[in-house]
Every structure is written in C-alpha cells, then in structure tokens.
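In what comes next, subunit A is part of two complexes: it sits with subunit B in the first one and with subunit C in the second one.
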Partner chain A sequence: MSGFAKPLKIALGLIVIVGLIVIPMNFNRYGLFILSQWAVMSIAAMGLNLTLGYAGQVSLAQGAFVGIGAYAAAIMTTHGWPLPAAILVAIALSFAVGWVLGYPALRVQHHYLAFVTLAFSTLAFLVFRNESWLTGGIYGISNIPRPHVFGFATNKPLPFYYVCLGSLAIVSLAVWWLIRSPWGRAFMALRENPLRAQSLGIDTRRYTLMAFAIGSALGGVAGALYAPLTQYIDPVPFNLSLSLDLLMMVIVGGAGFYFGPFLGAMIAVLLPEWLRFTEGYYLMLYAIAVMLLLIWSPTGILGILDRYLAERRTKAASALRAVAKSRLETAQ
Partner chain B sequence: MSNLFDLLVAGLATGAIYALVAVGFTLLWQTSQTINFAQGEFVMLPAFLMLAAMHAGAPFWLAIILGILLSMILLGLGFKMLLVDPMMRHGVLPLAIATMALAIGIKEAVKQFFSAEASPFPSIVPTGDVSILGHAVSLQSIGVLVVAILAVVGLTTLLNRTSLGHQMQAAAQNPTVARIIGVPVERMILLTFLINAFLVALASLLITPIYLAKFSSGEVLGQAAFIAAIVGGFNQVRGAIAGGLLIGVLDNLAAAYVSTQYRAAVPMIFLIAVILFRPQGLLGRAEERTV
Partner chain C sequence: MSAVLEVSDIKKSFGGIHAVNGVSFDVREGEILGLIGPNGCGKSTLFNCILGQLTPSGGEVKLDGKLVTGLRPSELNKLGVSRTFQLLQVFPKLSVRENLILAGQEHQGNMASRLVGRSDAGLTDAANQMIGFFKLDHLADEPAGGLSYGQQKLLDAAMAFMGGPRLVLLDEPAGGVNPSMLADLKDRLVAINREKNATFVVIEHNMEFVMSLCSRVMVMAEGRVLAMGRPDEVRKNPAVIEAYLGH
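Up next is the complex of A and B:
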C-alpha cells in the first residue's frame, strides 16, 4: 500500500470508517446481522493472519478458538457475568490453549502442522458436542444476553453492530501496533528464514508459541462477540469448515497484508449474500470465484494491488534513470 | 470373541477403501505437491456420475465404465489442467485453499443438480453372508477387500515392476534429473492424476453401497484418507495402504470399545501422536529439511 501518498491514504481510511458508521443506519435487521458477522470474522481472520501471514505457521484450528471464545462468553453471560469479563476469560483461555497448540509447531512444519491443528479442531468440536453438562451438547445454549455499554442496552441490531465495529477498531489498532513492534518484526523473521532469525538471537521457540497464542486469542475475542451476536450457539458453526473458511479468508484477502483479513472476510461473508439472488447456485458461484481469483493471483486480492504498485514504481524508477542518463549524455 | 472378529473384518473392509483414497492422495503429493482437500468429494462424485448414467438408461456395468471414464476426465485431466497446472509454481498453500473451494463447489453442484437427499446405490457384490471359521461374514466386506487388494497389487506392480512405474517414481523423486535422463515428467504427472481419479472412482463404487450416495459424504472420507496418509507416511504408497487399514480397524474398534460419542477422537489422537513422535509416518522415510 506504500505507493499512495499519505494524505490520500488517511482520507481513504476516514471515508471507509465514516461509511461503516453512517451507511448501516438504515439497514434492516438482516443486513446489520451480516455486517456484524463481517466485523466478527475479520477479527478472527486477523488473528489467523498473524499466525499464518506474519509468522508463517499454518493453522487449521482458528474456528475451534472462535468456538472456545463463544462458549466461554455464552456460559458466563448466561450465568450473570458481564460481557467484558467474559471476553477477558475468552482471551485468556484461547491464549493458553493456543500456546499449548503451538508446541507441535516447534517440532513439525507446513502440512504436518496443518494436520495437527486440523485434528485439534475436530477434537474441540467433539468436546463442544459431547460435554453437554457444560456446553448444552447438540441443543446448545440459547438466550445469550447482549451487553450494556456505558449504560446503553445493545439489544437492538444497530447498537450491537457498533459494539462489533468498535471491537474491530480496537483489535485493528492493537494488531497495527503489534506488527510494527519488535515482536512483529520477529514474527516476520520467523516466516522468512527461521534459521537466520535464530542466529540473530531471536528466541524462535518463544515467538512461535507467541504467534500461535496471540492469533488464537483474537479467535477467542471473535467468538466472545459471536455468541451475543447470534444469541444462540450450538457446536455446528464451529466445526472444521469454519477453520477452513477462515483460512480461505486470509489467503483470498492476501496473507501477510494488514488489510487482507478485512477484504477476505468481506468476500467470504458478503459475496455469498450478494449472490443469494441466484438461489441454489450461490455457494457454487462463490467457490468458482475463489478458485478463479487464486488462479489469477495466488497471493490474494491485495497481491494484485501490490504487484500493480510495484510495477508502477519500477516504471517510475526506470523513467527517472532514463532521464538521468540522457542528462549525463548531453553534459558530455 | 466373535464380536472382535466381525469388527476386524468390517474395519479391514472400510480400511481398504480408505487405503485406496489415501494412496491417490499421496501420489498427488509426491508428484506435484498437491494437498487435495477435495479428495473426499472426489470419492463422492463418481457415484453420482454412475447414478446419472443409470437414470439416463444405461445398464449398471455400462454406468460403472462411464462413471470411471468421466471421473478420469473431470477429476484427473480437468483437475490437473484447470486448477493444478496454473497454480503449482505458486507453492503449496494457495493450491490447497483452491482445492478447499473446489470441494465446496463439487458438493454444491451435486446438491443442486442431483439431490440433497441420500440416494441408494447398487452393490457390485450380491448381499448375503458366507461362513468363515464359524463366523458369518458379509459378502460385501469380502468383495470390497478383494477389489481393493487387486487394485493395490496392480498399482504396486505398475510402480515397482514396469518401466513406466520407474519413470513415474523418478519424476516424483527428482523431476530435474528425471527430465535430464529423458523421462517425460509432464506426462508422468498427468498419469498420476489419472490414476488418482481411477482410484477414487473405484473407492466410490465400493463405499457408496454401504453409506448411500450423499453430497456431504465426502467430508468424513476425505479426513479419514488424510489421516491414513499421514499416519502411514506421506511419501510412501505402502505407508498409505497400511495407514488406511489401520485407521479403518481403529475406527471400528473405537466405536465398539471406547464410546460412540468419542469414536472420531481416537484416530485424531493417534494422528497427533504419530506426527509428534514419528512425523515421517509409521512406514515413511524422513524427508530432508529444505532450510
């Protein structure tokens, strides 16, 4: 994104933010639900983008962490705890489980790691489904309350959409700060060349575990918002396909790009809705669209933009070189 | 102990089908670094192609031949040319994601164009039991085992005893050197895709009479094949066979002795243990690290 001038970037960002606040004001209930879902999934995908896009660790378990967060929030808020406390517990819980899940990543990489996390995802689903004393089993947990924020009730769709959007904003700022901190640099070093990272004195063990734990914690945050959003949860939404969807969001948006998860979640959540008018064909068209996009640009949507900007920069640079060269020649 | 015997036979029969699917899976990995997340859907689809042929009036034997040919064209040639070839040089992950999208696409297409309901599927083996060592064993299990064993023996003979098989192995192990000594690597890769398509069509023919033809049946199968491939050894055909049989038996025993609720957990825990303590698989060789 570095090809745009800074004021232009800030203006663009402001327009998007104001648009996200103002435009949904006259959306109906369903439109607001979809948009809130986009915000929640963006948070989860941002977490996975940290683990996968920045630190280079493949995880097929992000959906399980959304589930852990959702169940933590559902169980606590239906027992009278406030949502912020539930979010903190969700963060702590998924951070801890994510840390433990990071240990296999110290031993195995790439597709092996993908399959360990895939197995974990299935195990988590079985626990959600079978431990009915805690999770309500297949009947799930219903009547999950929505929070009061500064004394305002957020039961209506619009206020709760602002809760989701606000949370997305907080998480985005935190991630923005994180990837610019020495930790973020260490994550990228881990992705690009683990051996060299280690020889530069980066504790690769700790940062691998951290990448998993922080990414998972964001999955937990997303889950803790998902539960009050739908107000009813059962195990089905948190099966393996959610993990696969989240992975798809990250790759389609552009892994390792800051804005990738926002775009990826937009495509995964909104595109099927836009295609609804095609009735039974909408998921098929969605699948075809994803495949075509990946064939065209394996680095995702932002990969296209990145390539375009890089091309423009090289062109500009070579034009400058040509000018300089001709000046030299005329001087001689 | 008659119960244990029955469980073992049933487990070996499902395991043999898993093995077929897992072998195809490892072949694709070895020759083109394709992790095919749609492998389960690849098994689901041929049964529907055969059913469609029968609806159009073809007799069962003709439907089988048509189904196998069509799946070799669609899932072998089409899959390679349209999806794998354009994406292969961009690394493992984007292609894996694209196959996930393909899995959704196949599932939805079957649901939309055929049926969302489960359809019955005729068996190539007559129903009934025979008595072996005083146990009643269903003909279906025996038929499945025989066909699967024949397929596996045929494939290993092809790979290990023929020049074509040696060329395929060379293309998989070291494409550059293989190309230098004159192996048509591209054609060999295409051949593995065709073999995979044949194997999944065969697996489809064997498993669909047992579990019915349903658009969503690929999910469980695909996962079982992944696990079998990893447990046995990702870079070994015989590893995938052993892994398939092992997972089939383990799954059946877990259902009987652990709990029906957590039966699916047993292969998963086994998988995690294998990856952590023997990542190259039970029969596999260790892969060299690239870094």
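Up next is the complex of A and C:
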C-alpha cells in the first residue's frame, strides 16, 4: 500500500474509522448484525492471513479455531464468567491447539499440510457435535449473554457492534505491530525461502509454530465474539465450509497484504446481501466473480493495486534515472 | 594457528551413491581455504553436512573443539557459522537494505525482544555499513530482485557477513560474476578476512580466483579428498591435474 502520500493515508484511515463508528448508528438490527459479523470474520481472516499470507503455511482449520473460541466463550459465559475472561481462555486454548497443529507443518508443506489441517477441522467438528456433555451436541448452546463493558449493557445490537469494532481495532493494531516487527520479517522469510532463512539464524521451527499458534489464537478471539453475537451456537457454522470461507476471504482480499482480510471479509459477508435480489443465482454469480478475479489477479484484489503502484514506482524511477543520465552527459 | 573447524570422516550417501565418502580436514583460524573439484564430487554436499542442512551418514564436525554435528542450520548460524549458496538466495521482494536487516536480526536480542522491542535502529546502522562496504549504496532501496546477477551475488555475500560470523562457507561466490565485479568481491573478502579475522572456506571453479585468494586449497574427487596444500603445490600435483585441472 506504499506509494500513497502519508497524510493522504492517515486522512483515508480516519474517514473509514469515523465512518465505521457513525454511519451504523442509523442501521437496523439486521444491518448491524451483518456489520458485526464482518468485524468478527475480519479478525479470524487476519489470523489466517498471518499463518498463510505472511508465513506461507496453508491451513484449512481456521474455522475450527473460531469454533473452539466460540464454544469456550459460550460455555464460560453461560456459567456466569465475564466475556473478557472467556476471551483470554479462548486465546490460550486456540493458541495451544494451534501450536500443536503447527508440528505437522515442520514435516509437510503445501497441499499435504492442507490435508492435515483439513483432517483436524473435521475432528474439531466431530468433537463439537458428539461431546454433548460439554457442547450441547446438535442442540448447541443457547442464551449466550452479551457482556457489560465499563458498566454498560451491550444487549442491543449497536453497543455490541461497538464491542466487535473495538476488538477489531485492538487486533488490527496488534497485527500491525507484529508484522512490522522482526517477527513479521521472519514469517515472510519463512514463506519466501526457508532454506536461506535457516542459514541466517532464523529458527524456522519456532517461527512456524508461532505463526500457527498466533493465527489460531486470532481465530479463537473471533469465535469468542461470534458466540455472544449470535447468542446461540451449534456445530454447523464451524464445519469445514467456514475454514474454506475464511481461506477465500484471505485469498480474494490478497494474501500477505495487511488490508486483505478486511476487504475479503467484506466481500464474503456483504456481497451475498447485495446480490440478494438475484435470488437463486447469488451463489453462481459469487462463484463466477471469484473465479474471474483469481484468473485476472491470483494475488487478490490488493494484488491489483500493488501491481499498479509498483508499475508507477518503476516508471518514476526510470524517469529519474533518465534525468540523472542526461545531466551527467551535459556535465561531460 | 588453531583449528576453527575440524571435520573428521564425514560420509553422506543418497541411496547407493556415496556423495561424500569419508572426508577429513581442518580449517585454521583466519585462513581462506579453497575447495575445488569436478562437478558432482561432493563439495556442496560436504558444505550441507557441515552446516546441518543435511544429516551426515557418519563422521563428526567440531567447531572450536566442540561437537556440532546434528545442530540445525539456524543454531550453527548463531554460533557464528554463515554461508552463501551456489544458486542465488536473496529475498527478491525486499530491498537491499531490508535483506541485510533480515540477515542480521536474529543475532540481536531474543525472541521476546524481537517482538516487543524496537531494535531496528542498530540493525539499520549495521546494514548501512555493510551496504557501504560492498558499494551497494545506490541500490540500497531497490528490491533485490531488480539487481543484476553480479550485484545479487554481492548482496548474497553481504548477507552472510551481517551477523559478524567467525566462519563463512561460500559456495561458488564468483559464478556468473563479471571480471570487474569479481575483483571487487575478492577485495571485499580479503578485507573482511583481515579486518574481522573471519575464516573462509570457498568452493569455486574459477582457478585464478581460488589460487590468488586462498592460502590453502583442498581438492575433492568422487567424494574423497584428493589433495590438500598451498595453491602452487596443488596446481603441480599430478593426481589433481589428472582428475580436475587437465593438461
């Protein structure tokens, strides 16, 4: 996203943030639900973007981590625990499970790794469905309470939307910090060239596990917000198709781009609403749109922007070089 | 002079092929040891065994007298052993400076400070110094992938020196580099060798480069050491002429 002037970027960011706070004030219940869902899915997709986009580790299990977070939050808050405590447990649990799921990635890569994570995703779904003493089985868990924040009840859609938006803001800042730290560079090195990374002292094993664990933990955060958002959970939303949806959000938005997940989640959550008038054709249109996009730009929507900016930079640089050269020639 | 690296009886087989078949040698502190031999004689495999990229089928590697066989490449790198690769291994999308910062970052602080701290200031200085040293100033902010082959080779070497290594294994640093840039590279290697007291092992096919740079030369053929000695001795060795140099 470099190439824009810095003040312009800051102004644009402020407009978006103010817009996200002010505009939804007039939204109805359903509009706020959709927007809250966007915020929650953005968090989950950001986690997957760390694992897949930055560190290059394919995972088809992000939906399972959303499920782990959601069940942790649902079980704890229906037993009287406050949501922040539940979120911390969701983070710890999905971080730990994600760490363990990272071990196969030390041995297998690419589509083999995809299959390992796919198997895990199925396993998690079966646990949600079959261990009914804990999860309520197919009947799920209902009456999940929404939290009080600084004494304010967030039962109504608007306050809870702000809870989701605030969480998204915190996660966004944390991820921004992470990817600009040496860890972010190490993740990228892991993706681009693990062999060279190792020879530069980068402990690829530890960073791979960390990429999985942190990405999964963000899935857990998203789940812990999803449960109070819907106030009712059952195993179905956390099956493999959620993992595939999240994968698509990351790829369509632009894997390895910071803003990719926001955009990808927006398309995945909002586009079905916008295409609602097409009724039965919505999924077909959606599928065709995704296919066309990926044929045109395999690096997603932000990939298009990135290519355009890179081209402009190259042109500017060669123009500068031409000027410098002609000056040299006149000087001689 | 004491030995920095002691390699004893390293073996590596792939199926029935003995790529390295019992190689032993010492690398003395501060020297530049050349490693030559025909293609497929096991030079790069030997490097990979020493550096932990491959697990040897047998034998030992000692660094400063301590056994390091079986350590991972990243662990060896933290002990001060660095390398370059035969094929280009820079990060093409990162700028020259970012490549060097990446190459140095794991040598500062620990995992926690690399996440929480902002330790880039010192790293950027070190990267800028390295850029100046290798005369890459005008390219510092260019993506590494846009550099010429020879410039990328220089960057690759510069990256290997970022952590201040004691021992650097260079795999064909001169391959594909034009003569004027090669002179530059040699000049830089000699400077680092003298000033930083870094020890080198250099695989190279460019005889002129090897013979003028190295204090000793080891010749390998068919997975074994054929000869070891001063460049002029090796050049006259009949077995070496037969196996590699030609008449």
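What we mean here is this: the second predicted complex is superposed on the first by the 327 of 332 C-alpha atoms of A that agree within 3 Å, B and C clash if a C-alpha of one lies under 4 Å from a C-alpha of the other, contacts with A are read in each partner's own complex, and residues count from 1 in each chain.
Convention: contacts are C-beta pairs under 8 Å (C-beta built on N, C-alpha and C of every residue); 3 or more make two chains touch, one makes a residue touch a chain.
For clarity, every value in this text was computed on a predicted model and none was experimentally measured.
J.: Identify the partner contact of A:274: answer first if only subunit B is touched, second if only subunit C is, both if each is, neither if none is.
T.: A:274 sits against neither subunit B nor subunit C.
J.: Check the residue A:30 against both partner chains and state whether it touches subunit B (first), subunit C (second), both, or neither.
T.: neither
J.: Contact-wise, after the overlay, does A:290 reach subunit B, subunit C, both or neither (first, second, both, neither)?
T.: first
J.: When the two structures are overlaid on chain A, which partner does A:193 contact: first (subunit B), second (subunit C), both, or neither?
T.: both
J.: Quick one: subunit B or subunit C, who's touching more of subunit A?
T.: B
J.: Now for A:201: first (subunit B), second (subunit C), both, or neither, which partner does it touch?
T.: Second partner only, subunit C.
J.: Take the contacts of subunit A with subunit B and those with subunit C, and give the residues found in both.
T.: After superposing on chain A, subunit A residues 193, 195 contact both subunit B and subunit C.
J.: State the interface residues of subunit A toward subunit B in the complex, per the touch definition above.
T.: So the residues of subunit A touching subunit B come out as 58, 104, 107-108, 110-112, 114-116, 118-120, 122-123, 126, 129-130, 193-195, 240, 244, 247-248, 251-252, 255, 280-281, 283-284, 286-288, 290-291, 294-295, 298-299.
J.: So in the complex, which bits of subunit C are touching subunit A?
T.: Contacts found on subunit C: 51, 53, 72-75, 77-78, 82-83, 85, 89-94, 98, 101-103, 105-107, 111, 114-116, 119-120, 159-160, 162-163.
J.: Help me check something: in the complex, which residues belonging to subunit A touch subunit C?
T.: Going through subunit A, the ones touching subunit C are 178, 181-183, 185-186, 188-189, 192-193, 195-206.
J.: In their complex, what parts of subunit B are in touch with subunit A?
T.: Contacts found on subunit B: 35, 37, 83, 86-87, 90-98, 100-102, 104-105, 108-109, 111-112, 219, 223, 226-227, 230, 234, 261-262, 264-265, 268-269, 271-272, 275-276, 279, 291.
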